[in-house]
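Down below are the structures I want you to see.
Look at the two complexes coming up: subunit A is in both, with subunit B in one and subunit C in the other.
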Partner chain A sequence: MLTVDRSFGFLDPRTKLLLLVTLPTFLLGGAGGEYLKPFCMGFSVLPFVLLFISRNYLPAVSGFLVFMLMQFAGMIIPRDAGGLVHNVFLILYEVLCLLLPCGIMAAFIMRTTTVGEFIAAMEKLKVPQFITIPFSVMFRFFPTIMEEYRSIGRAMKMRGITPGKVGIAGFIEYRIVPVMMSVVIIANELSAAALTKGLGGKIKRTCIHRLGFGFADFLLIALCVTALLLFVLSLFDVRLW
Partner chain B sequence: MDRSKSLNSTDLINIGVFTAIIAVITLIVIPIGFLPVLMPLYCVFIPLFSGIPFMLFVTRVRKFGMITVMSILMALFLLCTGMGWYTLPLALITGFIADGLVKAGNYSSLKLSIAACSVFSLWCFGSYIPLIFMADQFWAENAQYGEEFINDSKDIFRLWMAPALIACCLVFGALGGVIGGRVLKKHFIRSGIL
Partner chain C sequence: MLKLKDVSFTYVCQSGYIAEDRGPVSNVTGTSETAKSAQSGTADISENSESGTGGRILNSFNLNLKKGEFVLLTGASGCGKTTVLRLINGLIPRYYPGKVEGCIEINGEDISGRELYEISRSVGTVFQNPRSQFFNVDTTSEMAFACENQGLDPKEILKRISVTAGKFNIEKLLNRNLFKLSGGEKQKIACAATDVTGTEVILLDEPSANLDHDASLDLRRLMEKWKSEGKTIVVSEHRLAYLWGLPDRLVIMKNGIIDRVMEKNELDTVTPEILASMGLRTNVMENPVNMDLPDIAEADTSISLRNFSFRYHNGIFRKSKYSRNFGYDDVRIALNRITAVTGANGIGKTTFLNCLCGLEDNCRGVVEYDCIKLDSRERRKKFFMVMQDVNHQLFSESVWEELMLCFTGRNISDAEKDRTASEVLKKLDLYEYRDRHPMSLSGGQKQRVAIACALCSDRDFLLFDEPTSGLDQSHMLSVSALLKSLRDAGKTIVVVTHDSELIRCCCDRKIVLKRL
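Up next is the complex of A and B:
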């Protein structure tokens, strides 16, 4: 588990949003392919760097070591070898060097950004409210849903409800229905809370968070924008190398 | 209850909550794609499992536009998970149609809600668009998956797969809707949560 201190939200939420879109585009979506490989490598390492800066030394260093190990293994195992070893390597590479950084990035962003900051940033970007509010609720709800799901799983286990006993369809029903019930109740409470905070009113809201770009923000935005620009140019067959 | 036509914050929070549930279901289903043979099954499992939350969501829809916003959010969510932007235009259209269907039933018809569920499920098809229609370019960019994976995938995603997958989305979306409707009747209405 990451234990990121809230005060280490040293990046502007807008930068984080850009990272949240850019990282998966290049790592999971594989934009650019071989041509933009250097950028991909950079993006794979970036989450570990951020973890390091926010004083999560152990996960940062171990993650970086795993990444280097995989790169090293990629050099030893020939690309066109085929066979079992190569396939296992590819799956491992996929999970550890592409999926894991994206997951860590998302978790990092979710831990370091408060809902208030997020909404403030979106309002500065002039995103309409009907996108901002559901999106922030979504991010707030991922951990809640997982937590509810786990608790209900434990309760079901205690009562001895297993797929063998009630059938697979029944099992899914036993799992999903209680989660939905509690989630609906939480949603109602959340609406009441939002109402008291004046969300969705017609008057423009004021905001206590002071947002501004720092040096790190400019650096990361420049990196992302360059990568995206190169990718778009490469679509029109304009290549620098 | 606010009777105005535009979406208020309660509606928007409802949208967010149910979109989050469907997004979690999607995240649980996605790992089966490690085997290319199983990849078309997204179109079976995601509509089927998201039927229950979607039907519960529809009971809380009283205004035009809520399903459209939900579809847009799903597309943005896919963008954040690296599936590309192709879902966005598709989701706009399907969300709009689904909204129209629910509205036609005056927000209380079970049959039209099931139809809406089936149309809404078409967003699943969005992530296949590059796989089927731009296969060569897509796989050139994703060379890291390895030859075997790519060849397997190319074998599966031929052009005839597109209508098959769309039909799959529609059928299993409807089935999910039917199951969702039953579960609704069995649990949520009886326990007075609606």
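Up next is the complex of A and C:
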């Protein structure tokens, strides 16, 4: 009997969705400020841990090292040196520091969620099809866009089209326009193929991937909910510490 | 089982090239009067030589298939083969709009009032292009996809998948990332996905366009299994050889009508010459790997590839288990000759070209030309590749600008530029299209624009990646003629191909890539 590889996605897609909302809220939105700093630190490390557990050892470890290095750099960079360049650099650094965990989280979710799981999860959350289907196509489209983008980059290299020769604007145009072209063509053919497989019918879909919350799910959901709850309470000046 | 009665179709033009990359819209007008009709006792396919309906893609098309029959549709590009398949699977007029007349019946039921998802229960389709027919990222999900849409019980779906995987011998391909499979493997998954659905009618639209010799034989085996199971099959295809012997009927189309129908007994006596006289490709299978061509002759001057190797890295993420690496100690490519590069799907032929062209960073080794070592950067100035998807290498808003782009950064006077560009365009029959947008041209014309760029940027080595995939006989011959004329103009040409007919027509030398 065939089994579906569960190690592929050990978290329920709904948990991942919650993480995808919670992480930026605290890291980028800065919810809770100093008060919820411990949570922020936890959330920063979490994506690397998840990536590691899902057997993406190399990016997990190297990503974490980069992150730690940046943290360390943050400690030794003088904060009050003044000057425009210094400030711009500082802002860029801060944004990168906060963005990195969110980016890693997104990468983790993209790599470990199958389209089928995603659609099933969205259906359980009663999200209508006209939202689910475009989003589900996205999962498949990132690798496609990357493939097309690389191929076009090669063609430009061969033609000798460099920013030096055609200008930055021209370079971007030459790179982006053909990508858009082929993406539109592929999207068109893809929709046709999906329709001949009965996507978008009036029948309730099933899913070969078993959805369900496990221990890890409960743990992470508890973490997210606690953090969000503390944040909401802190808005009403209710603080635990 | 499947019946098309007096079906006509008129295309409602969507926004141009986006809807159809190489579609029937541009080159079909009217119908041919000289069509012959054929009829036989059990099957009745006939055609109505009504003429003078411009813009129609299909005209009074009749096709009647009994359960378990296998019909092969063929004919020049744009003859309406794909349209027939789209009418049967319901994409026309539900996805590609247009005016449909006549009646299409599946299992005795008229499908005109049916929704696509209802038709999908009885008709499964395998498409030409593997990059745009998968909705999922992993193979198992893709095989389950259609059944999930039908709302079948997951246990039943998994059971079906394992049955299909056993039948097609593809257990190894389960739970894999589709983006890491070779063209042949992808097409197997596409067939397997259709098989899991268990539809009675199976349509295949040029399924072998991107497949090599062995992979197309594998495809044939899958079709044999379907035939023995009593599936009703319609294949649209240019390459007839790998299928030969399977079809119960060959339907040759021309300008939207049936030109000729050949029954099984007639097919058994057909020779490649008869097919060629009808503008069709050969029915004799030939493995390019075994073709009798030298890789290099004594008298040839050549360039040498020494210690050429490539390692496939996978970005910052985990290195793929299925990475493709290759290495060659000493490969020589004859100057001023056409060299064919062949080898199985997924062996790294395209990567080989990329390396030769100096486009891969992970490529080691040197290319020696006239005792001078060329590194990647220098190779980029001497080599030019016409990619399999030429859309990727055309950037400008007109053909003329495209050529002018080749001159940027070089010290040439405007008059000289104009003269060279006009000359090249005239030579390639593109002069009248010089103000057109490259994307509005046909596939063959785009290919020639890319070649024009190579000529204008004064490259000595022209590399072609599958220039004839999905081309009919006449287009294949014109590519072959073009390659010969480029060779005679002093260029060195390397063609990656598994089209044995093209090799037979024009190649002088042959290199076979093998797995390490």
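General remarks:
To be clear about the criterion, the second predicted complex is superposed on the first by the 188 of 241 C-alpha atoms of A that agree within 3 Å, B and C clash if a C-alpha of one lies under 4 Å from a C-alpha of the other, contacts with A are read in each partner's own complex, and residues count from 1 in each chain.
In this section, contacts are C-beta pairs under 8 Å (C-beta built on N, C-alpha and C of every residue); 3 or more make two chains touch, one makes a residue touch a chain.
What you see is a predicted model; the values in this text were computed from it and never measured.
When both complexes are overlaid on chain A, the residue A:F130 reaches subunit B alone and has no touch with subunit C. When the two structures are aligned on the shared chain, A:S151 is found in touch with subunit C, with no touch to subunit B.
Contacts of A:C102 after superposition: subunit B is touched, whereas subunit C is not reached.
By the touch criterion stated above, A:N87 is placed in contact with subunit B alone, subunit C being left untouched.
Of the two partner chains, subunit B and subunit C are each touched by A:V184. By the touch criterion defined above, A:I176 lies against subunit B but remains apart from subunit C after alignment on the C-alpha atoms of chain A. In the overlay built on the shared chain, the residue A:L195 is in contact with subunit B and with subunit C. Applying the stated contact rule after C-alpha superposition, one finds that A:F236 touches neither subunit B nor subunit C.
Put simply, subunit A uses residues 136-137, 140, 177, 181, 184-186, 190-191, 194-195, 199-200 to touch subunit B in one complex and subunit C in the other.
Every residue of subunit C that touches subunit A in the complex is listed here, in rising order: 18-19, 21, 89-91, 94-96, 115-121, 123-125, 127, 129, 131-138, 140-141, 144-154, 157-159, 161-162, 165, 174-175, 179, 193, 197, 316-319, 354, 357-359, 380-381, 383-385, 387, 389, 391-395, 405-406, 408-409, 439, 453, 457.
Interface residues of subunit B facing subunit A in the complex, by the touch rule stated above, are 7-10, 12-17, 19-21, 23-24, 34, 49, 52-53, 56, 65, 69-70, 72-73, 76-77, 79-84, 140-149, 183, 187-188, 191, 193.
Chain contact summary for the complex, subunit A toward subunit C: residues 1-5, 8, 55-59, 62, 111, 114-116, 136-137, 139-140, 143-144, 147-148, 151-152, 154-161, 164-166, 174, 177-178, 181-182, 184-186, 188-210. Per the touch definition, subunit A reaches subunit B in the complex via residues 20-21, 23-25, 27-34, 80, 82, 86-87, 90-91, 93-94, 98, 102, 106, 129-131, 133-138, 140-142, 145-146, 149, 172-173, 176-177, 179-181, 183-187, 190-191, 194-195, 199-200.
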